[in-house]
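Below, chain A partners chain B and then partners chain C, in two separate complexes.
Right after this comes the complex of A and B.
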């Protein structure tokens, strides 16, 4: 006899969801056969604000798209405008931007580790990872004055410099964070109870990851070696790093990729500090942007697209942000099909969903 | 001007998208921009680090064929265009019929001050 189909609503409020997203889970017994997502519960219409805010002030709005990848959103918008206006930031500005971007990536990945630990019910691990994240936030605060929204980036460079003694002080702090993550890694990647929740759960093939438009660690955990930092923006062409991938395609692989990327970000930051140029941080800008351009950068959760259309006026005509979480939803729907209902929270967390990004 | 941009008419959209699919590109985003009484649709495709754009312009109320048979993940962008801009898309593989975006403010926002 065929199993009876039921619809289980998941979200918009759920213990593993810090932000609202809703998924209708169509189930047969304990298996999910189809997942239908819906979003928009906290849609803010920030893109529309470009028609009412000065293009320079819009940097503040872009940063507020998300509280975790705020630096990246500011950077993506600024880089697009700089391209349209033909502005080349100074080398020091490029290096400091790279450093702050990688601190943001560490902060985001460590936050995700905590949420993952919480999702599989390991609360002390959640507390330990978030304790380590505090050190990253302290570094961001000492560099920019802000812990969530930094407002240090501007069109043409940076709003203020970060003194060399503060930057050099980051190196021992980073070592402490890396040591702490190594200690947590043993639990995430070797503990039998944790492995039972991650290994083989939510498999996504390499072909599906590509065809469904997957981005970031979710994509790389399925064996695709694409990382938008290789496009060569900011100071990435001047630092050594490899693309971290895994061929397993499951929740364990996504955890592995993000942990390795934390170490990699720390190594990039160290290189930035060692190679930090001494020239200025700002190139004055003249006039208004006129033209259109799309920038693609690698946010902590994956590739993000920033499109700007401007016509030489104070106000821009269109800004569009395609965030990685939005791109990862079709692949999430695919991985949910056939999984156990009890694995749904873990799978939703493994894409590292950022709903405030999606609800820009 | 966007790099690797091709401006096409709506009638040639599907054939061009099929060509791009055959070149191993994948869909990256679809952007709608309201310009007076028209919408400009920008389709972006990526192949590793290469990007290609298609731009087409439609009149308000004109129907657009879905590309979700060619790129299955396009359904999300097409539902977004429908929900937020009121653009009618024909033949979406997962048509949410206006229920993807559950906004508190009435959508679509087309022509409004939202």
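Right after this comes the complex of A and C.
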């Protein structure tokens, strides 16, 4: 006999979510048979601001697409405009950008680890990871002056230089963070209680991950070696790193991939500091952008696309952003089908949802 | 200040960029640790005394914000966290943003900043505690009851048009 179907609303205000998203879970007993997401709770309509703010001011708006990957959004927009205007940023600017980008990635992944710990109910682990994250925020603050919104990037380079002695000071700090993460890793990847919540939960096969168009760590956890940093922008061509993948495709694999990426980001930052070139940080720009271009960069959550159309005026015509969470939602809905109601928070968190990016 | 009970926080994202949300969460994390004042971050509006609202309020979210506010028991204090929540901030001109939190519910403390710094938030919460205490005293004497969101809409309807409910009942008496 088939069980009775009932609808359980999840969100928009839910303790596990820092941001509002609403999902209607259609359940039979304890099993979810269908999940219907509805979004729009954070839609601001900021792409339309191009009509009110000029192309230089739009950098700030782009940074505020999302407060977690704010540097990346600013960078994606600036990179697109620089390509249209034919500007080549200086080497030092490229290296500092890469460094800040990787610091943001570390802070985003550590934040995710905390949210994950919170989702499976390990409060002290949440506190521990967020304590480590503060070290990264300190570094970002000493480099840029802001904790989550930096406004250090501008078209043509950077707004201010980061002195070498501050950069040198990052190396011991990073070591401390990496050590801290290593001790957390033991809990995330080998504690039996945690394993029972992660292993085999929310399996997504490689084929599905490709067909549903997943992005980022979510895709790499299903065994696809795809990382947009390999396309070679900023200083990535001059540093050494690999694509981290796992073949399990479950929540455990996603945890594993993100933890390894934290170590990798630390290694990239170290290389950037060692190779840091000594010259200007800014190339003056002339005139207004004219033309269109689309850029893809690898955000902490996956590939994000930036499209700009400009017609030689102070105000650009169109800006469009496609964010990784948007690409991951179909796969989330797929993994939710057939899971237990108690696993829903974990699965929602494993895609590392960033709703404000998605809805803008 | 005499606070006899530990106030509990509720956080909701009106439609922020996330920057303020993670700062609100960071305030509860070890570095800033607002819990040392006995303040706990709860997920349930019915347990909450202080409502931290981040981001401006957008069309789809306005009813959710109202609902959360109405579900909170008296006395309650609302904090607008971040410049977006104070007056719309950088997104003020966006078509989907109605304005700051005070376009839909009454706000007691405004904490500016983009993103709001945890230190500022703690200061705001401490100010909120005082207001909570005052409201509590007044309530005991039977002189005070906080406005419901629809009463508030009716009150500000004269000058802020879009704050009226979508049903339009409050708009008629303007």
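One rule holds in what follows: the second predicted complex is superposed on the first by the 360 of 360 C-alpha atoms of A that agree within 3 Å, B and C clash if a C-alpha of one lies under 4 Å from a C-alpha of the other, contacts with A are read in each partner's own complex, and residues count from 1 in each chain.
In this section, a contact is a pair of C-beta atoms (placed from the backbone, for glycine too) under 8 Å apart; a residue touches a chain by one contact, two chains touch by 3 or more.
If you're wondering where the values come from, they're calculated on a predicted model, not measured in any experiment.
J.: A:226 contacts which: chain B (first), chain C (second), both, neither?
T.: First partner only.
J.: For A:48, select first, second, both or neither according to whether it touches chain B, chain C, the two together, or no partner.
T.: Both chain B and chain C are touched by A:48.
J.: Which of the two partners, first being chain B and second being chain C, lies in contact with A:61: first, second, both, or neither?
T.: second
J.: Where does A:131 make contact in the superposed view: on chain B (first), on chain C (second), on both, or on neither?
T.: The answer is second: A:131 touches chain C but not chain B.
J.: So in the superposed three-chain picture, is A:82 touching just chain B, just chain C, both, or none of them (first/second/both/neither)?
T.: neither
J.: Considering only the touch criterion stated at the top, classify A:70 as touching first (chain B), second (chain C), both, or neither.
T.: second
J.: Figure out whether A:318 sits in contact with chain B (first) or chain C (second), or with both, or with neither.
T.: first
J.: After the superposition on A, what does A:40 contact: first (chain B), second (chain C), both or neither?
T.: In the superposed model, A:40 contacts both chain B and chain C.
J.: Once the two structures are fitted together, what part of chain A is touched by chain B and by chain C alike?
T.: 40-41, 43, 45, 48
J.: If we count contacts the way the header does, which residues on chain A are in touch with chain B in the complex?
T.: That would be residues 22, 36-41, 43, 45, 48, 210-213, 226, 228, 230-231, 291-294, 296, 303, 305, 307, 309, 317-318, 320, 322, 326-327, 329-331 of chain A.
J.: Okay, in this complex, where on chain B does chain A touch?
T.: 1-2, 26-29, 31, 33, 35, 42, 44, 46, 48-49, 51, 53, 71-73, 75-76, 83, 94, 96, 99-104, 107, 109, 114
J.: Considering the complex alone, what residue numbers of chain A touch chain C?
T.: Residues of chain A touching chain C: 12-16, 18-20, 40-46, 48-49, 52, 60-61, 64-68, 70, 111, 114, 126-128, 130-131, 133-134, 137, 146-149, 354-357.
J.: Quick one: which bits of chain C touch chain A in the complex? Just the residue numbers, please.
T.: It comes out as residues 11-13, 15-23, 25-26, 29-31, 42-45, 55-56, 58, 60-61, 64, 68, 90-91, 93-97, 114-115, 117.
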